[in-house]
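Below are two complexes that have chain A in common, paired first with chain B and then with chain C.
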Partner chain A sequence: MESRRNPRAVVDPKVRQVGFFTSSQPDSTQQQQPDPIASVSSPPVSTISPSGNSLSPVMIPPPRHNSSDTFPLRGAAAAAASAVSPSSFSYSSRRDFPDGSMTASPGRVSRGSFVKSYVPVASSLPGVGIDSMAAAKSSSVPATGLTTVSVVNMPPGLSEEVQSDQKNNSKSLKEKTTKAERRALQEAQRAAKAAAKAEGGGKVPPVTLGSVAGTSVKAAKTAKPTSQKNDVVVAAGPSEKKGGPSEKDRKKDAPHPRMQYDDESRVVKAKRRAVVKQTEAKNRVELFRHLPQYEHGTQLPDLETKFFQLDPMHPAVYKVGLQYLSGDIAGGNARCIAMLQAFQEVVKDYSTPPEKTLNRDMTAKISSYVSFLIECRPLSVSMGNAIRFVKNRIAKLPITLSESEAKAALQSDIETFINEKIIVADNVIVKHAVTKIRDGDVLLTYGSPTAVEMVLLRAHELRKKFRVLVVDSRPKLEGQLLLRRLIKRGINCTYTHINAISYIMHEVTKVFLGASSVLSNGTVYSRVGTACVAMVANAFRVPVLVCCEAYKFHERVQLDSICSNELGDPNAISKVRGREDINYLDGLTNNTNLQFLNLMYDATPSDYISMIITDYGMVPPTSVPVIVREYQKEHVLV
Partner chain B sequence: MPDVQSMVVEFVNKLRKRKIEGSQATAKYTVELLRSVISQHRVPHANQAAALIDAVKAVGEQLVAANPVELAVGNVVRRVLHIIREEDLSLTTAAMAGLDLLDASDDDDEDNCKGIGYPAMSAAVVAAARSTLRPPSLQTLLEGTPESATVPYTSSSGADSESKTADKSSITRKLKHDVIEGVNQLIHEIAGCHEQIAEQAIEHIHQNEVILTLGSSRTVLEFLCAAKEKKRSFRVFVAEGAPRYQGHLLAKELVARGLQTTVITDSAVFAMISRVNMVIIGAHAVMANGGVIGPVGVNMAALAAQKHAVPFVVLAGSHKLCPLYPHNPEVLLNELRSPSELLDFGEFSDCLDFGAGSGSPLLQVVNPTFDYVPPNLVSLFITDTGGHNPSYMYRLIADYYSADDLVM
Partner chain C sequence: MLRSSASFILDKHLNNKPISITHSIDSPPPPSTSMADENSNPNPNPNPISAYYQTRAAHHGIVTSGWLEQAQAAVRRYPDHDYSSSPDSRRPFSVIEEFNNWRQQPDLAEAVAAIRALAAVIRASEATTMMELEIELKKASDTLKAWDTTSISLTAGCDLFMRYVTRTSALEFEDFNSAKSRVLERAEKFGEISCKARRMIAMLSQDFIFDGCTILVHGFSRVVFEILKTAAQNKKLFRVLCTEGRPDKTGVMLANELAKLDVPVKLLIDSAVAYSMDEVDMVFVGADGVVESGGIINMMGTYQIALVAHGMNKPVYVAAESYKFARLYPLDQKDLEPALRPIDFDVPVLPKVDVERSARDYTPPQYLTLLFTDLGVLTPSVVSDELIQLYL
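Here is the complex of A and B:
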C-alpha cells in the first residue's frame, strides 16, 4: 500500500508507510525501491496531493470503530514492546499482515492485485480509505477507474479473511496491551503532534487537500509530525514506551480521568490501588452508574491517620487533596491554583533519584499525584488543562539543563501559567465585561462565579448604578456567600432561589454566568442550574453573557449533562440545612426505592448563550473551537 | 343566622391567615359552607332564586376578598351560583311547559311573561331556557334567540304570579331542595376528583416510563399510585421544590407506596429532563386561556420540557378551572412568602440592618409561591372529565359557569 509515490520520493523522507515507522532515510528507501508500482502506477497522485505521501494509516488516533483501531493498537503494542529499535519494528509488524492483503511485495504485485489488496484496508480504516479514494479520484484517469472497478470485483472471501484475521490480531492485541500502554501511545501521538506543530509549518509544504476528505486531513495532521519527528516522540512523550516497569506500574495506578464506573472489573482494580478508601453510596441512581458515587465525609479521618504512612505523597499535594475532599477549596480557578502551587512545592523539593532522568521521573511523580487528587475529587477541566501544561513543560525541558536549572525553569513556568492564564485573564475579562454594564441595569447571576463577582465589584468601583439579582440553589447555597460579599461593598442586591427565576426574570436586563468549562461545540459546562437560568433568560429574551477564562476551554464535546458529570453527596439533599421542620425524609435514606441525586454540573446548550467573555475578547459560542485551536497552539509555544 | 355568620367569619379568618392549604381543601370547605348558607337561608316566597343568589354572592365576596390568590374559592362560589340558576331555570321551564299545555290561550300566561320581563311569547321563553341548558344546536341558532335570555330573568323582580301562589310555593320548596341536591353533588365531585383523574393514569403511563414531577400534589400522588397499582413499573424523579421542599413530602409518600423515586435538586431539572418521558404536575389553578398556575418552578420545568419535546401534562380537578383570563398572572396572582424560608435572618441580620438607616434596604429577598405556565407550554390537561387541550379550556368553563357570574 505504500506504492503510490512519486519517483522524487526516493529522497523525500515523507513516505506512506505501514505499521509503526520512523523517518529514518534508509528505511523508507528500502520500502520504496522494491515497489514496481511506485513509478508505474500513479505518479500523478503524489504530485497532486503531496499530503498523501506523508499519510500514515497507522497513526490515526481515535479508535472509533473496533476494526479501525486494530492497526494503531497493533502499532502501539509493538511499539511498547520493541521501542528500542523502531526502525526494525516497522518491518516486523509488517510481516504480521496477511500477505496478499497488506504487503506490497515486490514483483508479485500487479496493478490489479494492488488495488484489491488496498480495498480491505480501506474498509477497516475509514480514514485511510477515504483518503485513498479521494487521492485516486484526484489523480489521472486510470487510477479512478481502477479503484472503482476493483471494489466491485473484490472477492468477498479475501476481505472476510482479512477482517477475521485482523479481528484475531486485535483480540490478542487487546490482551497484550494494557490500557495504560494504549493511553501512553495516544499521549505520545499528542505530544508528537504538538511538537510538530511547533516547528511543523516550515518543513512541511502547505497541504493542498482539495478533494481529500476531512478524515484524511486529520490523519495527515497526526501522521505528519510522527513521520518527521519520531525522536521527539521518544523524548517528548516521556510516559511512554521506554519507561521502566516501575513507571508503568505507576501509570497503571492512575485511574483514567474519565473512567467509566459501570465497568466493574476496572472499578475493582482501581479500588485495590486507591489511596483514598471510598465507600460507595448505598442507593445509586441507575442512570449514573458510570460515575463514581461515594459516601462523603467518611474518608477524611481515615486519610488523616494515613498521613504519616504515605511516604511517596508530597505533603503539599496531600494537603490540597484533603482540601478538595472536604470541600474547602471549590471553584475551578481556586482548585487549579491550589494544585499548581502544590506542584510548585513538589518541584522545589524534588531531587532526581539515581539512574533516572528528571523528565521521566518527574512526570511519573506528577501522574501519581494527579491520581491521588482524582481520588479525592474528580478533576475539573481547568485542572486537566493545567496538568497537561505542566507535563508538557516537563517533557520539553532540554536535557542539557542541570537539575537546579530545570527546577527553576519549571517553577517559573507554573508561576507564569497561574499569572497569565488565570489572574491576568480574569483582569482582561473584567475589563471587557465592565463595558457591557450600563447605568440602570439589573444584572442576574447564579451561584458564586469568581469572574462575575470581580466584574460586579469593578463596575461598582466605576460608580455604575446597577442592581444585582443573586439566584441560588440547593444544596450548596453558594449564592449566600456572594450575596454577603456584594452587600459588604454596598451593592444593591436581591436574593432568591432558582425556582423563582421566572418571577424575577421580567426585570432583568442582562444575565452574567460563570463556567467550569466551555466545550468546543459551544456548550457551557457549569454549576448545575446554569442551564435553567440561561434557558429562562432566553425565553424572556434577556442576553446571557458567560465569563470564562480561555484556559478552561476544552476540545471535548458534550450534548447532555449525563454522560460526563460529577456526583455530590446524596445526603446533602435529604437534609435541609437550617430548616429542622423539613424532616420528611429522615428515616428513609436506606430505603431501596428512594435515591438522591446530587448533580454538580450541567451542560448549557450554546443556543442559550449570547456571548462568551474570555481573555481573548468577547466571542459568540460558535467561535469556541477557534479559540481552542489557537489556544492549544500557543499552549505549546509558550 | 348567627351560626352561619360565625362560620363564615371563621373561614374568612382561616383563609386570611393562610391556614388552609391546597385548592382541594379550600374548595371543600367553601362548598360546605355555602351549602349551610343555602340551607339556612329563609327564602321568600317570591323570586326565591334571586334571593339565594344574593345570599351566596354576599358570602362569596367575603371569601374571595379574604384570599384573592386562592382561585378555588371563587370557582366554587361561581359553581354554586350556576347550580342555583340552572335548577331555577329547569323548574320554571318545566312549570311553564305545564302551563302551556294546560291553558295555552290563557291571558294569565301573557301576564306572567310580561312580569318576568320577556317581550316574546312563552314558546320563545322555553326555547331560550333550553338553549342555556343544552349545548348549542343548529336549531337554536336558527331560531335566533338571544343567549342572554336568562339575565333579565334571574334579576327580575318577583311581582308576578299572584294567581299561582300555591303552584309557586311548591316550586319554592322544590328549588331549595334541588339546589342543595346539586351542591351535594358538587361536594361529591370535588371529593372524588382524585379518583376520577387517577382512573385515567393507565392510559398515559407506560412500562419503564420516567416521570418528572414537582411540588406536592395529592392528585399527582393518586395518579402515579393508580398506575403503580395496575402493575406498571416506572420511575419518578421528584424535584424537591425549595424553599418549601414539598417534593420531599411527595417523595416520602411515593416511597411509602413502593414507587421507584429519585429526589433531585430543582437546579438539576434541565439536566435530567432529557431522560424524562413525561412531566406531570398538579395545578393550583387553570385559567380560561389554558394557562396554569402551579407551584413555583413549574415554568422552568415547562420550558425545559418544551426544549426537549417532553410532554407536559397538568392534572386538575374541575374545581380548579377558573373562568377568568389572566393578566400578568406571575405578579398579580402570586403571593410572596416569608424571606426566612430562604435566608437565615440571624446570618444576615447585619446586612438587613445596614439598609434600615438609609431608607431603602440593600438586600431584598423574593420568595414567590406560584408560577405561571402559558398555555403554549402545556401539552395536555387531565381533568375529571377526561383529557383536554389547553385551547379547549374556555369551552369546559362554559359548561361549569354561567356568564353573569364571571364578575362577582
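Here is the complex of A and C:
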C-alpha cells in the first residue's frame, strides 16, 4: 500500500504542472466572475458556520497524541501566515482550497474562515507544540464553548479584516502578482463555472470524487516536506488536475469496513483521503483504540457546505450520508432502506461514461459512494449485505442489455430487495412472533426495535391481552419513542431503565429483542445493553426471542463486542443535557486520566437466546449458519 | 398381539362388535356407537380427551375405566353432533377411510399411514392438471390433519409429504401424466423411506449400545423397542430399566415385551428415576414430535428424566423417525397445544381437586445428547437445519 502510494505522490507534480499550464489560459478570460460568486457565497458563511459547532476540518488530530506528522507543519504554516499580513491571510486560506477546490464557493469561504479561526491558537505557540495543542483544542471544543468555527471566535478586528478581505479578494488578488494567487483565482473561476453548470444542467457532472479526495491527499502529502511558500504553490497545484484519479482509485483507497484504527499508518492514510473530516476524540479507552471515534456533530456543517463541492457524489447519497452523520436516520432497517433508495436514485441518474462498461463503472461508483457512507458512519451488517446484493446484481447484469434496460432492471431489483427482504420479511416475522404472544403475557423489550414494535402492535390488534415493559438506557433513550407509540395505541406499558432490569425481570414472561445483526455462531449483535437484558432474562429462565430479518445475518463469527463495534459520542455519556446541576464532569473531559467509552453495540452469546424469529420462521440460534448458507445461495442463484 | 394397532380396536368398534380388550382391567367395553362417532369424524374432536390420546391408548390397548366414562360423558355432552354427514363420506374416495385402512397394519405408525393414504389420494385422483392435483392433495392432507390436531407426527408427516412430493423439479414435465407418475413415484418412495425408518434407526443405534450397559427407557416407544430388540438379536448384553409410565402403564408393557426377548429388565415407578439414575449408562426415549429447536415432545415424564440424566451427566438418546420433525417451536411447557388424557387415580379424587392431565411434555434440546433418526445420528441443532432444508 505504502509503496504504491509513494510514487504517486512523486509523480503528481508533473501531472499538476501539465494541468496548470494547459487549463489556466481559457479561464483567465472570465475575470469578472469571482465577484458575484463571492457575494453569493457569503450568506452561507453566516448561516452555516454558527449553526453547528464545527471545527476546522483541517485540524485532524492524529489517532494518538504523539503521532502526528502532518499537523505541526500545517499549524506552523498557519502560524506563519498569521504573522504576516491580512493579505497573506487570504493567501493562507487559499492554500487550503485544494481540499475542495473545484467547487462552488460556500465551502471555500467557510474553509478560509476555518483556517483563520485557529490562527490565534497557532500563533500563540511556537510551531512545535502545536499538534497536541490543536488536538486538545479540538476535543475540548464543546466544553470551552468554542462551538463554532466561525468568525465569532476570532479577535473582532481580525475577523472583520478577514471578511472584508474575502469580499474583495478578487481585487486584492489581482494586485498581487504571485503565481499562486493567479492560480487560485483561476481556480475560483473554474469552480464558479462548474457550479453554474451543475445548477443549470441539474445533472451531476461526471467529475470523480476521487479527484477531490485525491487532491486533498496530495495536498497533505506535499505539504509536509516543503516550506510555507512552497507549500502554497504545491498544494494549490493538484486541484488543477481534473478527473485525475478515478473512482477506482478511490475504491482502492476506501477504508476497509473494519479498518483497525490503532494502526497509525493506515489511519493517517485513511484520514487523508476522507471526504468527511471527522474530528477524533482524544482520550480513548485502550481496549477500543482500533475503533474510530469521532467528536460528533463537529463535521456536519462542514459537510453541508461541501454539498456543492462534491460534484461526483450523487446528491441522494450525500443526503443520506448527512442524515447518518446527524443521526436523523437510525436503526438498521431505516438506514438500509435509505441507502438503497439513494442507490436507486443513483441508478436512475446514471449514464455510462464513454469507453466504459456499465457493469464495471457502476460498481466502482457504488463503491465510492459506500466509502463515503462509511466515513459518515460505519456500515451496519445489514447495509453491508444490501451493498453486496446491489453489487452482485450489477455484476450479473447481462452485457446484452441496453443501458436503459439495465438501469430499469437494477432499480426493480433494489425495489424487490427492499420489499422482500425488509418489508415482507418484517410482516412474516410479525406473523410468526404473534403466535408466541398469549393472553396474560408480560413482554419485555429493550430500546426501540422496529420489528418488535410491529409485533406488539399486531398482537394488540389481535386483541391479545398483554402488558409491555419497555426497558431503556441512557444516552439515547430510544425506548421513549417506542413507549409513545405503544401508548398511543392503548397498550398497557411500564417504562424503566436498564438499572432496574433484575428487579422487574421476575414478572416478565417473554423478552423480545431486536438485532442489528445475527452472526453465524448465533451471537446477536445489537444495541448496547441487549446482552445484559438477555443474560438477566436467562438467569430468570425467561425465554428471549430475537426478531431479526434474515438479510441481517452474517457469516462472520464474533466472540466479544470488542473487536468490532462502533463508538458513540463520548460527550453523550459525560453530560446530561439540560441538567447543569448534575454535570459533574464539566471541565474534566480533557483530562488525560479520564476516558469515556460510549459503545453502540454489544454481542449477546447464543446461549442466552431461546429463539430467533426471522422471515424463514422461528429458528434456534444454532441454525443461523444454515440460513446464511441458504440465503447466500439464493443470492448467487437468483 | 399386544401392540396391535389402534385401528383394530377402532374398526371393531365400527363394526358394532363389543370386544373385550385383554389389558383393560375389568372395564366394560364402551358403547360402540359413541366410539364410532368419535373416531370417524373428520373434524377435531371437541371433547376434552384429545384424539392423540385416544389413538395412543388404543395403540397400546389400554382403555381405563376413567377414560371410558369421560368419553361417554363427552358424547353425551354433544349429542346433536352428527358427524356422519361429513363431506368425505359423500365422495367415492375418502382419505380418512384410506388412512384407517392403512392403520390396520400392525406396527405402521400413524404418520406413515397418513403418507400412504396421501399417496393413494394421488393414485385415485382424477385431476387433469398439476395444480388441481396439488389442491386435491392439500385438501386431503388438511382433512387428515384436522382428524387429529394434537398429533404432531400426523401433522408433520402430512406436511413433509406435501413438501417432498410437490417440491420437486419433476413437476416441470410438460406432460401431466408423466408428471403425475413422477409424483406418485416420489410419494411411494417417501412411504418406503418412512416405513423403513424404524429399521434404519435400530441399525444406527447399535453402535451406542455396549456390552454391560444399563439403559433407562421411558414409556413405550416402538422405535426404542425396535432398537432394544435389534440389540438383543445382536447378542448384546445389556440391562433395561423401564419406568412404569403412569397412567397408561406403557412401561409395564415394554418390560413384558423385553422379558419375552430374555433381556434383563427391571421396572421402576416413575418417581424412582433419580434414585436409580446412578446405575444407568444411557437413557433412551422415543418422541411424538421433534421440534425445530431440536427438543422433543414426548410422553409426560420425559423432561424430568432428561433433567435428571443431564444433572448426572448421563447421555439422553432420542429415537425418532424424520417424519416426526415438525415446524413447531415451543418456548416452554405451556407453549404447546395440550393433549389431555384421563388419569386413573386408584383413590377417588374430589371434583374440587384440579388434575394436570396433559399427556406430554417438551424437553428442550440442551438436555438431549443425540437424536437417532433415519437421516442419521444428529445433534439436536441439526434438526432445525434439516427442517430449513426441507421447508425452504
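By our rule, the second predicted complex is superposed on the first by the 388 of 638 C-alpha atoms of A that agree within 3 Å, B and C clash if a C-alpha of one lies under 4 Å from a C-alpha of the other, contacts with A are read in each partner's own complex, and residues count from 1 in each chain.
To be clear about the criterion, a contact is a pair of C-beta atoms (placed from the backbone, for glycine too) under 8 Å apart; a residue touches a chain by one contact, two chains touch by 3 or more.
No experiment lies behind these values; they were computed from the predicted model shown.
**Q** Where does A:S448 make contact in the superposed view: on chain B (first), on chain C (second), on both, or on neither?
**A** After superposition on chain A, A:S448 lies in contact with neither partner.
**Q** Could you say whether A:V285 touches chain B, chain C, both of them, or neither, answering first, second, both or neither?
**A** After superposing on A, A:V285 lies in contact with chain B but is clear of chain C.
**Q** Looking at A:T363 after the superposition, I want to know if it touches chain B, chain C, both of them or none. Which is it: first, second, both, neither?
**A** neither
**Q** Applying the document's definition of touch, where does A:S382 land relative to chain B and chain C: first, second, both, or neither?
**A** Neither chain B nor chain C is touched by A:S382.
**Q** Go through the superposed model and pick first if A:Q323 touches only chain B, second if only chain C, both, or neither.
**A** neither
**Q** In the superposed arrangement, which partner chain does A:F596 touch: chain B (first), chain C (second), both, or neither?
**A** After superposing on A, A:F596 lies in contact with chain B but is clear of chain C.
**Q** Can you give me the overlap between the chain B contact set and the chain C contact set on chain A?
**A** In chain A, no position sits in both the chain B and chain C interfaces.
**Q** For the complex, give me every residue of chain C touching chain A.
**A** So the residues of chain C in touch with chain A come to 292-294, 327, 329, 331-332, 335, 365, 381, 384-385, 388-389, 391-392.
**Q** Can you tell me which positions in chain A touch chain C when the two form their complex?
**A** Answer in residue numbers: 436, 510, 543, 545, 610-611, 616-620, 622-623, 626-627, 630.
**Q** Under the stated contact criterion, what part of chain B meets chain A in this complex?
**A** 235, 237, 240-243, 245, 248-249, 251-252, 254-255, 258-272, 274-275, 296-297, 299-300, 303-304, 307, 330-331, 334, 341-344, 347-348, 351, 354, 360, 362-368, 371-372
**Q** Which positions of chain A touch chain B when the two form their complex?
**A** My answer: residues 285-287, 472-475, 480, 483-484, 487-488, 490-504, 506, 527-529, 531-532, 535-536, 539, 560-562, 565, 573-574, 576, 578-579, 582, 584-585, 588, 591, 593-599, 602-603, 605.
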